[in-house]
Amino acid sequence: MFETPIIPRVSETDGAGHINNVFVPIWFEAGRREIFRILTPSLKFDDWHVALVNMNVDYLGQIYFDQDCLVKTWVDKIGTKSFGLYEEIWQGDRHCASGTVAYVYMDYAEGRAEPVPDNVRTMLRAHMKEE
Amino acid sequence: MFETPIIPRVSETDGAGHINNVFVPIWFEAGRREIFRILTPSLKFDDWHVALVNMNVDYLGQIYFDQDCLVKTWVDKIGTKSFGLYEEIWQGDRHCASGTVAYVYMDYAEGRAEPVPDNVRTMLRAHMKEE
Amino acid sequence: MFETPIIPRVSETDGAGHINNVFVPIWFEAGRREIFRILTPSLKFDDWHVALVNMNVDYLGQIYFDQDCLVKTWVDKIGTKSFGLYEEIWQGDRHCASGTVAYVYMDYAEGRAEPVPDNVRTMLRAHMKEE
Amino acid sequence: MFETPIIPRVSETDGAGHINNVFVPIWFEAGRREIFRILTPSLKFDDWHVALVNMNVDYLGQIYFDQDCLVKTWVDKIGTKSFGLYEEIWQGDRHCASGTVAYVYMDYAEGRAEPVPDNVRTMLRAHMKEE
């Protein structure tokens, strides 16, 4: 499991006084940096390998500006040509949001999905959420 | 159904060359402005009435910088204290993303859900997606 | 002069109740789309020609969520290897922000500035602010 | 001087392959959190005291996705009813951007500038950039 600290920004709040809901997917994506590094060790975009196909977020509680947050990121499923992640946002001892994303492993040059390579599969498996 | 034109911004693209996936929920929220006006005719945040509880997005195709987009927004479901919306993003004749959101109707001063008022319910119903 | 309508988004407001100041440069960049098209008619990033070297913004008045805005964009200066733009944001009859940006015309493959081509220069000149 | 680490996000890159220029002001604002805490110890927006009047940014070098950054924030000037900050973004040993902002100290309830209180002035002075 990866943990990513997030310090809320003023620009991420909204007129209702909390962190605006669109920043939850942005923080979740920030939490996937080490997953991206497994897929693309150089983190260079000309060697990028994933395309997002689904995102689901449950908003469980308001997130406030005045306290640091933590994004927790697990691998949830590994398929033949795809994989899924499960993530949580915590602010102190409050669990504020949960989310899943489904990615397809891509050969962008060919414009098509291809099998997740074995070495990537092994590294992803090391971060799977236990039941 | 509400239609909201979106002109992609350079700042909304990413290193992989397309519109980054986090901007899809941002565009969908932009598409809900007239829904927000039904709930809060003044559009003032001290009279805000909704809290997002779930968001789901299916990413169907890449969105590119060089062509204008259209967000289409329908009311999908109306419950006692909640309602749901269904939205689509189109770029030309390509349907690039679909999404749903579930909102709870809130009394923020009391910090609790309350029934969707009848006049709001009537206005929302006028924008329901037909089967 | 180019005019770009901007409909404020909830996600662009902040806890102080107005449009957050970081979105002013984002709206100004949105206003430059037709300038970018002069420089790169295809709007494709592999043919991109500019690098921003300076941005200056004067914040003249609060921008509110509940009213549409207009970005006005003029060419301000054209140098040998660079050019400058001047922009304004209006909300109704209130002039809320002014800004300038200075761009260098780049050959990205060579990683260096190069002269603004004559045809680009001619097109930019057609959008210069008159004294 | 305050130092704020920034881990670049995929959503902050753009089609030209670098961190998009609009995120530089966003990172600079992130760097001001401890300044905001001096002004509003609770970090609550109903006790907010500043309004931005000018922002200036010099873009000195490209910022890349694959390496962490550091924002450095100093107090630059303290006037009667206003103050200025100076900030830098570093990526490794490369100085990528410099910026200044000018804030007015506000009584939002009265809608007017007022003198920076003495205790705030003293705390700001402790973070002034030395010549």
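As written, the chains take the letters A, B, C and D, and residue 1 is the first residue of each chain.
Note that contacts are C-beta pairs under 8 Å (C-beta built on N, C-alpha and C of every residue); 3 or more make two chains touch, one makes a residue touch a chain.
Here the structure is a predicted model, which is why all the values come from computation and not from measurement.
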Q) Between A-C and A-B, which chain pair is linked by more C-beta pairs in contact? A) A-B
**Q.** Most widely separated chain from subunit D, with each centre as the mean of CA atoms
**A.** B
Q) subunit A to subunit C: how many Å between their CA centres? A) 32
Q | Centroid spacing, where centroids are CA-atom means, of subunit B and subunit C in whole angstrom | A | 28
(Q) Please tell me the distance, in whole Å, between the geometric centres of subunit A and subunit B computed from their C-alpha atoms. (A) 22
(Q) Please output the residue numbers of subunit C that touch at least 2 other chains, ranges allowed. (A) 10-11, 13-15, 17, 21-22, 26, 29, 45, 65
**Q.** Touching residues on subunit C, where the partner in the complex is subunit A
**A.** 10-11, 13-15, 17-18, 20-23, 65
Q) For subunit C, which residues are in contact with subunit D within the complex? A) 14-17, 21-22, 25-26, 29, 45, 48, 51-59, 62, 108
**Q.** Footprint of subunit A on subunit D - complex, ascending
**A.** 4, 7, 9-11, 13, 17, 26, 29-30, 33, 36, 42-45, 65-66
